[in-house]
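Step one of this worksheet: look at the structure below.
The first chain written gets the first letter, and so on, giving A, B, C and D; residue counts start at 1 in each chain.
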Amino acid sequence: MSIIYIIQSLLLIAGAPLFVGSLRRLKAVLRGYKGAPVLQPYYELMKLFSKGRVLSGNSSFITSIAPAIVLAASILLAFTVPVAYIGSDYGLGNIFVIIFLMAILKFMTVLIGLDSASAFGGMGGSRELFISMFAEPIGFLTAAFLYFEAGSFNIIEITYINSRGIAEPAAHIMAAVAFLLWIAAENTRIPVDNPETHLELTMIHEAMLLDLSGRDLAYFELSTYLKLTVSMALFVNAFIPFGIAASASGSFLLTAFVLFVVKMLIMLSMLAVTETIMAKFRLFRAPELLATSFCFALTAIAIVYLH
Amino acid sequence: MEILIIFSILIITSIISFISKNLKFVSISTTCGILVCFLASVRFIVLIRQSDSIAYFGNLVYLDSLNVIQIFIITSVALIAAVYSYRYILNEVMDGEISIKRARIYYFLFNAFVFSMLITAVSNNVMGMWIGLEATTIATSFLIGFHRDKLSLEAAWKYIIICSTGLIVGLVGIIMLIYSAEYGATYVDFSWTSLLQAFSSSNGLYNRIGFTLIFVGLGTKVGFAPMHTWLSDGHSEAPSPISAMMSGVLLNLAMYVILRFYIIVKSFPGLGNLKYLFIVFGLVSLIVSSFSMLKQTNYKRLLAFSSIENMGIIAIGIGFGGFWGIFGALLHSVVHAFGKSLLFLGAGNLLSALKTKRIEKVNSLVRLMPKNAVFLIIGMLIIVGSPPFATFFSEFSILNAGIQQGHYISAGIYLLCLILVFAGFLNIFIRMIFKNPEGKEYVKLEKDNENIWPLVLSLAFVVLITITFSNYFVTILEKAVSIIGI
Amino acid sequence: MLSYLSKFFMDDFLSVFFLFIIILIAIPVSVYSTGYIKKYRNIYSGRYFWIMFGLFVLSMIGVVMSSNSISFMVFWELMSIASFFLAIYDHKNRESIKPGIYYFVLTHISGLFLMMMFGFIYKYTGSIDFTEIVHSRGMIQEPWIIFILALIGFGAKAGLLVSEGSSFCAIHKFPSMLSAMMSGVMLKVAIYGFIRVTFFLMGGVSWESGLAVMLLGTVFAIYNIINALLQNDNKKLLAYSSSENIGVIFSVIGLALVLYDLKLYEAAIMALTAGLFHSLNHGVFKSLLFTGAGSALFATGTSNMNELGGLHAKMKFTAICVFIGTAAISCIPPLNGFASESLILVSFIKSSFLLDSKKLFLVVILCGCVIMLASGAAIFAAVKAFGITYLGKARSEKAVNVREIPRSMNVGMAMLSALSILFGIFSPFIVGMISIGLSESILETKYIVQPFGYEITRVAILLFGIIILILLVSRILDKGKKPQINSTWGCGFDTSKPNMQYSGDGFSQPVARYFGRMAGYKKESKVKDTILLKQKTTDKLENNIYMKLIYFTNFLAVRVVKIHYGKIQLYVAYILVAVILSLILVINFV
Amino acid sequence: MLEILTAVILITAIIMAGFRRINLLTKGFRIQSLAIGLLCFALGYLSGESHYYVIGVLTLITKTVLIPHFMNRSIKELSANREMDPIINGWWSSVIAGIFIAVIYVVMEGFNSDFIIAGVVLLVTGALMLVARKKAITQMTGFLVMENGLVLLELSMIKMGLLIDILIILEVLLISAIMAIMIFYINKVFHSVNTDYLSNLKD
C-alpha cells in the first residue's frame, strides 16, 4: 500500500514548481500584466542546473553539504504529508517531525547566509531566526489543538478523523487562521517578507541565498517551492480534509486527487490575493502579527477543551 | 601509679629548664617528658575502655572517659607543640630575637602550662579544677607577652585582667553551688563525685545562680561571645606553639570544667532547660565570630576567631543535647584541637618565613612555600568541616540533634554562621595561597621545609581519629556521652 | 567484597542510569583533556589535574550510588571540593580565583541545605538508610519543609536558582574541560538528587509544589536563554544555555510531580522519562559544545566572539564536530536534541489533555509554549555561537594565526558527536528502556513510553539515504565543471574587510530590542570620527538579589567588628554585663 | 569585734572607690587586708578551729606585706602618681558605689550573715575600680579588692579545707607578682601605665 504514498509524494514533488509558477502567474494577472508562463520555475531550475558553480573565497564545508541536506529535508517533508490517499498506516507523518524538518531548512539556510561572510547573510539569518523564534509556540499550539481534536499526533490519522467530521467548527476555523499565519511566517511570505523584492536590506529569506549559484541555488529554490507546497498540503489535509480517499479503489483515489488539486488552487488564489493586497510589515511589527495568531490558536484550544 | 609518673616527670623537666644552660638539652628533655605523658595517657585510654572510672590517692584524682579524652588531647597537642618549639626557639635564638635565658623561661613556663592543665583535667576536687585553671592563666600570661613588644604586652595585660576577673566570677559561682549543696545535707567535701550524690536536697534558686555564674565566669576562659575579646588578641600575639596549645586545648579544658558542673546541676529536677544557656551563648559567639571573620586583616586573628566559632559550635552541640548533639560536640572538640594546632603551626611557619601577619602582604604561597600551602589548605578543610575529616560528621550530627529537638531557628542561625565562616576562611586562605600580583616573580623559599614534621604529626592525629572513628574511638565517646547524660 | 560494598550502594534504575551518564561523558572529556592539558604543560603539574579529575568523577559516582544520607552528603561535599580545586587549576591568570571562591561557597550553601533536609528526614523517619526511609515514608508530617529544602539545595547546585553564567557559578571562567564536565554531568547529579528525594524518598509531593517547580523551571529557562542570547563570550553563552536546559528539565520534572500526585501514573512516567532522556542528551551535546569552545580558546587564546570568525579554515574537524553539536542543541531531527525536546513537548500536550482541572490545563499549556519559545531562542543562540565564531572571515589577528590543536582533543569531540548522532537515531529504544526502568522502580508495573513509535529512526535513515543520493547526483552533474572561487558578492563594494560581516552583538540585536530589559541590556554609542558602539548585559537576578545579600552581610560585618574597640575597660564591662543579663534571664525564665 | 572589722572593711572599700592618688590606694588596700586577717583570727577564736589561724597569718603576710611591696616597687619609676583623667571621676564613682551597695543589700536580704554582703560589696567596688580607672596600677588594686571580697565570701559561706585555702592565697600572690612585673614592663615599653596606649589591637 505504501507505493501509493510514494507515488502521491513524487507527484507532490513534481508539482511543487508548477504550484509556485501558477501562483506567480496569478499574481501577475491580478496586477494586470501577462506575467511569466506557468512552467517558468522548471525552466529556471533547468538553467541553473546547467550553469557552473561559483563559491565565495571563505566558504566552508557548510556550502558544500548544506544544499544537499536542505533538498533532502524538503523531499522527506513531501513524503510525510499525504495528498489524496490515507489508507493503511504509514510509518511517517508525526506533526513534530514535520515541524522540526522545516526547522532543518531554516537552520541550514541561516548557516549558509553566515558562511558567505557577507553583511546580508548575517542580517537575513538574524531576522529569520528572530521571526521563527516567535513562530515556534504557534506550531506547538496547532500540534496541541490537532491532538485535542483528533487524539493523535500522526497527520494521517488526523486527516482521517477530521475528514469524518469536525466536532468544534468554530475552534477549527480559529486554528486554521492561526496555522495560515504560521505558514506565512515559516515560509516568509508577504506579511513577513516580500519574496520578489531585490532590495537586499529588506530581504529575509533571499538575503541568505545571495551568494549561491548554479546547482546549489537550484537545490535551494526547489526546497523553497517544496516547503511552500507541503505547508499548503499540510493545511489542506489538517484543516479541510473532506473527500480524501480512505480506501485504495481507483474511483475514490481519482476524486480525492481532483479535490486536492481544486483545494490547492483555492488556497493558491487566496495566497495570491493576500500577497497583492498587503504590503510587507516592518520587521519589529511581525512579532505582533505572530502574537495575534498565538491568540487565535490559544482561543481555539480553549474552545475545544473547555466544552 | 601512672599519675605519679606524669606529674613527677613534668616537675623534673621544669626544674631542668631552670638549671641547665644548654638549650638543646632543655628542649629535648621537655619533648621526651611530654612523650612519656602521652604514652601514659594512651595507657589511661586502654584502662578506661575496660573499667568505667578509676580513682587514685583516696579520691583526689578521678579518671573517667570524659577527662581521659581531655588528657589525651592535652598530651598529644603538647607533644606536637614541643616538637615544633624545638626548631622554633632555636631559630628565635639564632636570629637574636630572644636571649638564651628567655628561651629557658619559655620552656619552664611551657612545662608549668602543661602541668597546670593536667591538674585541672585530673583533679576530682572542684576547687582543684578552679586552681588548675588559675594556674594556666598564670603560666600563659607571660607566654603571651613573650616577645615583649607593644602589641604582645597589651595582649598579655588584657589576657590576665579579663581572665582573672572571669575566674573570680567563676569562683563565686562555685562557692554558691557548694553553699546550696550544703543547704540541706551535712558537711560536703569538694570532690565532684560526692557533689553528684549530694544534689538531691539542695536549694533550686542557689543552684541556678551558682551555675550561671560558673558558666559566665569560666565562659571567659572558653571564649564565649561577650567575653571572647582577650582570645583574639592573646592568640594572635602569642608564639605559635603556645597559641596552638591554648586554642586547641585550653578552651576545650575550660569547656570540660563547665561540663562537669553541668552534669551536677543537670540531675537536679526542673533545671533541664539550663541548656538554653549553652544555646544562647553558643549562637551569640557563632554570630560575632563568623561576622568578624569576614573583615580580618591578620591571619592569626582569623584563626583565633575560628576557635571562638568552633567553641560556639561545641556549646550549641551540648545545648541541643540528645545522643547525637553531645556526641557531635565531643567529637568536634577533639578534631578541632588537632585541626587548629595544624593551622596555627602552619601560620607560625608562615610568620617566621615572611615576617608579616597582614594578609595582603602574603601572596602566591603556592609557589613561595608549597608544602606549607598544602598543609594550610588541608587544615582549612578540617576546620571548616569538609567530608573526609571527622568535623563533617560532628557538624552533621549536631545539626541532626538540633532538628531532632525542634530548635529550628537556632539550627538555621547555626547553618548561616557555618556558611559565613566557610566564606571568610576561603576568601582569605585561597587569596593568600593563589593570588599573584602582576610582575613579581616568586621563588621557593628554603625556609619552607623547616618544621614540617609537627604539621605532619597533627594531620596524622586527625587521620587517626577519622579512621578509628567507627570502632575504637567511638566507645570512649559513647561512654563520655552516657556520663553527660542525654 | 562486592556483597559488602553492595550494602553501601543503591542498585535501582535511577542510580544506574545516572552512573551511565557520568561514565559516558567522562571518557570523551578525559580524552579531550589529555590534549587540553598541553596548554598548561610547563606552568602547572599534570599529576595534580589528573588526581583531582579522578576524585571529581569518583565523588560524582559516589553521590549517585550512595544508599544512605551520610555517604550521600560525604560524596556531595567531596564533589564540590574536587571541582573547586579543578576550577582554580589555572590560578596564574588573575580572574579565575574569585569565581572559584564564589562557586565553592555556593556549593557549600547547597550542601548545608541538603544536610538540613536529611536532618528533617531523620527526624521523622528516624533512619538515614534510603531503603528504610522508603518503607517508613508515611511518618513524614510536613513534607513541604523537606521539599523546599531539597529544591533550594539541589536547585542552587544544578544552576537553576543561580544561573550558570552568573558570577556566582561562573562555569565559563573555569578551564573548558572542567566546565564541560560540570555542565554536562555535575548538574545531572543534582537533578538525580532532586528526583531521588522527591520521587523515591518522599513518594511524590503535593501537586502545588510540583506546579511551583514547573513554573520556576519555565521562568528560569526563558530568563537564562535571553541572557545567553545577548552574550558575546562563547563559554558564557553556553553556560547560560545549559541552565536554560536545566530549567526545561526541572519544569518537566515538576510536571511529572503534578501528575504523580493526581494519580495519572502513565503520564507522570512519560514526563519523567522525557526529563531523564533530555538530561542524558543535554550532557552529551553541551559537553560537545563546551569542548568546542575550549578548543577555539586553545587555538586562538580568546573566547570572545567578536574577535573570532573564520575558524573553519584551520580547524576543519573541530568545526564539523561543533556543527553537529549546534545542530543537536537546536533540535535538528536526526540528532538527540530533537528526540528529547519533542518527547518533552509531547508529554506536555498529552498530560495537559488528561488533566481535569481547567486552571492546571491552562498553566501546563502556557508552560509548553514558553518552553517552545525558549527552544526557538536556543536555536538562535546556538547558531549565533557557531556561525559567528566558525563561519565567515577572521575578525582579528588572534583568529588568523591559529595554534595547532592536538589530535586527542579532536578524538574526544568526535566521540561526543558520534554519541549525539547515535542517541538521536536509536532514541525510541533508549526511551523505551528508560520508561520500563522507571515504571518498574516507581510503580512496580511495566509501562513502555513510545509516543513516536520507531518513526525517528525511520526518518533518520531516510534522510541520510536521500542526502547520499543527492550528493551522488550532484557529483555526476558537475563532473566536468570545477567550481570557480571568487570573492563574496557585496553589491559591487569591496567586501574584503572582515568587519563588513555581522558581529555577535549585531546578530542578536533584534532580540535585544524586544527582551533587552529582561537581561539588563544597556547600549551606548559615541559618534566621534568613528562610531563606537558598546553593549553591556548584567545578570538582573544576580545583581538585584544575590549581590544585595552580599552587601548586607558586609554591612553587618563592619558593625560587628566594631565590638573590638580595644579599650580594656570596655572588655571587662562586657563580662559584668553578661553576668548580670544571664542572671536575670536564668532566674526569670529557667 | 566582728562588726567593727566589717565596718572597717566597708569604709576602706568605699574610700578606695573614690581615690585618685595611687599610694593612697595601696595604703587603703593594706588596711583592708589587715582587717581581714584580724577577722580570720576572730573567727578562729570564736569557732576554735586551728586552720583559721593559719589562714589569718598567711593573709597578713601576703596581703599586707608582700603584695604592697610589689606595688610600691613598680610605682617607684612611675612619673605621675595620680590617676589623671579617670573615665568616671571621683565624685561619680563614689555615688555609683553607694548605689551599688544599696542594691546589693536589697538583693541579698536572703543571706543572714553580713560578711557575705560585705564580700559582695568588695567584689562590686573592685569591679567598679577595674572598669572606671585608666591606670594599670589602679586596675591591679581593683582586682586585688575583688580578691579580698572573694576571701570574705569563702570564709563566711563554706568551710574550706586548709590546703585549698593555702593554694588560693598562693594563687593571689602569684597573680599580683605577675601583674606587677607586667606593669614594670609596660612602663618600660610605653613609658606610661595609662591603658589608653594599650588599645591598638583593634583589627
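In the analysis below, contacts are C-beta pairs under 8 Å (C-beta built on N, C-alpha and C of every residue); 3 or more make two chains touch, one makes a residue touch a chain.
Given the structure is predicted, the values throughout are model-derived calculations rather than measurements.
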Averaging each chain's Cα atoms, the one nearest the global Cα mean turns out to be C
Can you check how far apart subunit A and subunit D are, centre to centre, with Cα atoms defining each centre and the answer in Å?
102
Centroid distance [mean C-alpha coordinates] between subunit C and subunit B, Å:
44
Just give me the whole-number Å value for how far the CA centre of subunit C lies from that of subunit D.
70
From the C-alpha centre of subunit A to that of subunit C, how far is it in Å?
35
Residue list for subunit B, restricted to those that touch at least two other chains:
157-158, 161, 165, 232, 292, 295
Specify, in ascending order, the residues of subunit D that touch 2 or more different other chains.
127, 130, 139, 195, 198-201, 203
Which subunit C residues reach two or more other chains?
561, 564, 568, 572
Examine which chains touch each other and state the graph shape they make (line, ring, star, complete, other).
other
Enumerate the contact residues on subunit B facing subunit D in the complex.
125, 127-128, 131, 134-135, 137-138, 141-142, 145, 148-151, 153-158, 160-161, 164-165, 168, 171-172, 175-176, 178-179, 182, 187, 189-190, 232-233, 236-237, 292, 295-298, 301
Please give the residue numbers of subunit C that touch subunit D in the complex, ascending.
561, 564-569, 572-573, 576
What residues of subunit D sit close enough to touch subunit B in their complex?
123, 127, 130, 136, 139, 143, 146-147, 150, 153-154, 157-161, 164, 167-168, 171, 174-175, 178-179, 181-182, 185-186, 189-190, 195, 197-201, 203
As the complex stands, subunit D meets subunit C at residues 87, 127, 130-134, 139, 195-196, 198-203
Which of the residues in subunit C end up touching subunit B in this complex?
70, 73-75, 77-78, 81, 88, 91-92, 94, 97, 100-101, 104-105, 108-109, 112-113, 115-116, 118-120, 122-123, 553-554, 556-561, 563-564, 568, 571-572, 574-575, 577-579, 582-583, 585-587, 589-590
